[in-house]
Amino acid sequence: MSETRQHNTDDYIRMYKQMVRIRAFEDNANRLYLSAKMPGLTHMYSGQEAVAVGICEALTIEDKITSTHRGHGHCVAKGANFREMFCELLGKEEGYCRGKGGSMHIADQSNGNLGANAIVGGSMGIATGSALTAKRLGNGQVTVCFFGDGATAQGLWYEVMNMAALWKLPVIYACENNGYSEYTKTDEIAAGSLVARAEAFGIEAFQVDGQDVLAVNNLAQQLAERCRNGEGPFFIELNTYRYHGHHVGDINRDYYRSKDEEAEWKKLRDPITNFGKWLEDQKILSADELVALNEEIAADAEAAVTYALSAKYPEAHEVNMHVYADNSA
Amino acid sequence: MTREITFSIAVNEAIAEEMRRDPTVVLLGEDVAEAGTPFKVLSGLVEEFGTDRVIDTPISEPGFMGIAVGAAMTGLRPIVDLMFGDFLYLVMDQLCNQAAKTHYMSGGKLTVPLVLRTNMGATRRSAAQHSQSLQALVAHIPGLKVAMPSSAYEAKGLMKTAIRDNNPVVIFEDKLMYNDKAEVPEEEFLIPFGEANIKRIGQDVTFVATSSMVQVAEEAAEKLSAEGISAEIVDPRTLVPLDEGTILESVRKTSRAIVIDEGHQSYGVTAELAARISEKAFYHLDAPVIRMGAMDVPVPFSPALEDLTVPTADGLVANARKICRGELVHAA
Amino acid sequence: MTREITFSIAVNEAIAEEMRRDPTVVLLGEDVAEAGTPFKVLSGLVEEFGTDRVIDTPISEPGFMGIAVGAAMTGLRPIVDLMFGDFLYLVMDQLCNQAAKTHYMSGGKLTVPLVLRTNMGATRRSAAQHSQSLQALVAHIPGLKVAMPSSAYEAKGLMKTAIRDNNPVVIFEDKLMYNDKAEVPEEEFLIPFGEANIKRIGQDVTFVATSSMVQVAEEAAEKLSAEGISAEIVDPRTLVPLDEGTILESVRKTSRAIVIDEGHQSYGVTAELAARISEKAFYHLDAPVIRMGAMDVPVPFSPALEDLTVPTADGLVANARKICRGELVHAA
Amino acid sequence: MSETRQHNTDDYIRMYKQMVRIRAFEDNANRLYLSAKMPGLTHMYSGQEAVAVGICEALTIEDKITSTHRGHGHCVAKGANFREMFCELLGKEEGYCRGKGGSMHIADQSNGNLGANAIVGGSMGIATGSALTAKRLGNGQVTVCFFGDGATAQGLWYEVMNMAALWKLPVIYACENNGYSEYTKTDEIAAGSLVARAEAFGIEAFQVDGQDVLAVNNLAQQLAERCRNGEGPFFIELNTYRYHGHHVGDINRDYYRSKDEEAEWKKLRDPITNFGKWLEDQKILSADELVALNEEIAADAEAAVTYALSAKYPEAHEVNMHVYADNSA
């Protein structure tokens, strides 16, 4: 951990909890898939928790985020509940999107999450537009655009960076560089330097250890503040790692990534383990308290799964609803 | 009440009125501010509303389309100006994967109230990449509404409705009509979506025509009336929602229909119109529904070729004559 | 001659054979090499042809589509792998403004021999951005050819023809059919474009069905035959060029037609098929041509909803019954 | 001029001639428009001649270029004839594209010109693909992609630069920065630095005075050579100026560009005048010879116009031809 204590204790504990909640969510989602209880595929966020939590803990509930196909972590970190999330993953009516979006489109506008996106890079414009709204309405909101290293290959990013820079929009482009874009190593599909790409548009750019929740959070706080002062946009490259395959079905993956590499990240750089140790060192939580907290969250997640499994599907007539918003309002 | 204004001024008025009424309406596009677009349709708006609301963008169609989607999701009502309809291809992902689906995918929680105004229409000698009429592409995508104003009157009334709509709306303006005048009331009015306009009443054949093809239909109807053939003209005004009822009612009355649209004929708007009429007015039809779309060729530059590619009044007259006189068409 | 292979292997064989035959054929796309695509359709090709010819790209669909166009103009025959048909929106400009028009705009001097292979098909619980069937969009654009293989046999024969074609060809593979087996000859064969296949001979009604809807049609035809209704199934195999002749001939014989395609119904492929049949077989039809496309809604994720959106054999049976028993449809 | 004599005399004279030919072509095209003899609009290249000529003179006939909406200059510089060009602009059958393309799509594959493009940035992929062909076939060809400053806002460029860099393709991205993108100054629509944008992808980037044909030509020769040696891709930003409006119809343009600015460029930085002076200084051509040469070219151009005006239009049946290439070959 890069830091000694600066926040108050509650902040630290909440960050830890949120990371554990993401991990618990994903473990359950993965089990649902493996036991054939989940429709479709999904992409696990496990390993990257410090990114979503470090950043979202620097935001207010009104601030906005846009998310990706690997979006459960962002959703939890921005304040979502397990129940509505699992219901969504299972296509149930009580899901955040009434089961219509599923894992890849989960959105939670009540907490400022404008939604996951199944088009790689697809939300870069949306995030930038959200920042345009903030600027135009002068509401002081910041928008964070999460995306992966692979998404930097989408031309859209360069277009919106240019406009964000010209118009000084309060948006933070947060690139979670987990080293892979599907089944391919990042260096095979990204020439030059990501940081330099943002800088070329006159955007201040940063690199940070995405496994260190405090480092991420400190940077995010500074940049969010500076955005509110009209100093945006910014770019952050966060180095991180996904523990699972590209999606839950990507099990035999030795051909592109070694087991040793995976084991090493998990052993040495796990964001939760390391932050837990730091909390112990700082005497913020005891080992027992950490265990209790983990267990409580695991129980919560399982309860939510149980609930979601027996929740009802949307009625057939819903298939035609929400194609168009009505204009009465 | 009886003043006449151009199509171009009608669009400008509609946008200005709505921007006055609603401070969340903003305009976004290339050279929309000082230049007022190459067609000068937006002249004067930046002077009234300032560069915060009339925003010049770089040549980044996917980018500013995406920005408009995000702005619409969070409280603005952006009007995106896409300089040529041919650039639709560049914004399809943001328009069709994002804007069109967000409301549905979010279970009704997020809305994307935006207007994409763009154009269509050949015979301007602008060649294959500046002459396309691509309304069929967007009409096919659920979640989008599609308007095709056929005169200054519709241009104003539909634009105002589009801006107030809580959904993404694509408006196609025929670039060749910008200087055409029509009566447009001074008082405020809106034209509801999904209500076709019976532009001319007739008994023998129904012409369902979109955008500038309504003019073609009117010219043909005049000529035909001299021959004793009475044509009814129905202008759907919006392709989505489509006022099927009015169209079918007309065809059930006349028993004959010709559908005319300037998009390519195959897999185009004429297919949908003809298929619906053929299916749903089947027992009333005295002749096959004739389709007149643009030829299935990229729009050629040469004037000698370009004019051959679009539906004309003469072609329409010839077709109408055939089916009204009971000549068998495709009777092989 | 009697071996059965999967659709997926058929595609793989076709590409491998053509790459062996012609060194200018190259493959381009995301994770096409070692990974052999997420659907594993291309497994083994990089081992045989190397990374110079089986080229992994970054996630830059517009970019690599554009690169393929330039490569095709200068001597290669690229096969572009677009991982999901839903990403077509991203490549529309390069596909429709560039690839489709170059030959025409250059007066026949430049050619763009490329294949865009992509997929379609819902009910995989992949939600709105990974389930679309967008064949209507590209079928509307002159200069493109569009193939819709309905089994492993067509997958192989049409792919080989596509690779040898001197024009841009878009092939839609239904992702749900990759594991379906069919008889595919060991000997080399090609399936010409523009020749529909009469998949089943019948007397009472014609089903014109594309891609996996052919299976739906076969299932329905089986059920109907038990009731004494004999359905003919015509698989156009290519939407462009379209073998209108075979379709019309069948309908003139049966006097009834139902057209089935998995794209959204409105302004979709069923519109074109129905409009052509209605117009050109008008004097032979005993009933309106019924259209069965996917519902005009973004594809919902929930299994409880998704399955409602696509045409089914039961729905087809019900429609066929109606028109064959002489019930009036839309007779209001 | 940045240089003393290095080439042989013929090369210099050809460069001068080619620049004069472009200017003569454009003057006639403009007159055709103003006298309502030309269908549609067109974009004049006048003022930018040193860019097209400096670069194309560094290329072989087999090397490829892709061009833009402002493409007459590239077309002439790559070797095209006046007659076929004017015929094309007038929609005549003898045009390079049988009248089907017109000004914005003029192509001349016989000289390696893959075509103008009416989609800003639309040819960036095509140029890169042409370089992929060269690399794959090992034919030693170089491709130059011409585009304007405004086109750098298209995301496509970043996508193809990335691939060109990863795959080391023999392509030169040549950005003609004429200070305007339609009716807007470049700095209002381009944040940061263009050169840095290319460098961020690991692409070597250069800036050169686009009014100095020798400077352009020297750089282009070096880079073409280096491309042939497998050292590509490269980026060049060429500073230049267009004399006319954005298109021939853009006559009243004070609202975005001052008359003084235009006058100054024409007076001080005209590529033809300045190179003519240099040729005189170097005693390569006398003042009289320069005048004679200009007159000869002007006469050629006018003769071509006269020819084109009376040439025949394509027959009606051609409207259906060339939609699809046939497969007999």
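Labels for the chains are A, B, C and D, by order of writing; each one numbers its residues from 1.
FYI, a contact is a pair of C-beta atoms (placed from the backbone, for glycine too) under 8 Å apart; a residue touches a chain by one contact, two chains touch by 3 or more.
Molecules present, by chain and UniProt name: B, C = Pyruvate dehydrogenase.
Everything quoted here is computed from the prediction, not taken from an experiment.
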| item | value |
| --- | --- |
| Chain whose average C-alpha position is farthest from chain C's own | D |
| Comparison of C-D and A-C by number of C-beta pairs in contact, larger one | C-D |
| Chain C and chain D: spacing of chain centres that average the CA atoms, whole Å | 41 |
| Intercentroid distance (Cα basis), chain C paired with chain B, Å | 29 |
| Centre-to-centre distance between chain D and chain A (centres being mean Cα positions), rounded to whole Å | 46 |
| Mean-CA-position distance for chain C and chain A (Å) | 37 |
| Contacts with two or more other chains, residues of chain D listed in rising order | 97-101, 105, 117, 119, 122, 153-156, 159, 162, 166, 188-190, 323 |
| For chain C, residues contacting two or more additional chains | 57-58, 60, 62-63, 86-87, 90, 93, 97, 104-105, 127-129, 142-143, 295-298, 300-301 |
| Chain A contact footprint on chain D (complex, rising order) | 153-159, 161-162, 165-166, 188-193, 196-197, 199-203 |
| Residues on chain C engaged by chain D in the complex (per definition of touch) | 24, 26, 52-53, 55, 57-58, 60, 62-76, 78, 93-94, 97-98, 102-111, 113, 142-143, 145, 164-167 |
| List of chain A residues in touch with chain C within their complex | 39-41, 91-92, 97-105, 117-122, 150-151, 153-155, 181-184, 188-190, 255-256, 313-314, 316, 318-320, 323 |
| Complex contacts: residues of chain A adjacent to chain B | 64, 66, 95-101, 105, 107, 109, 114-115, 117, 119, 122-134, 136-137, 143, 155-156, 159-160, 162-163, 166-167, 321-327, 329 |
| Residue ranges of chain C in contact with chain A within the complex | 30-31, 34-35, 38, 56-60, 62-63, 86-87, 90, 124-130, 295-298, 300-305, 308-309 |
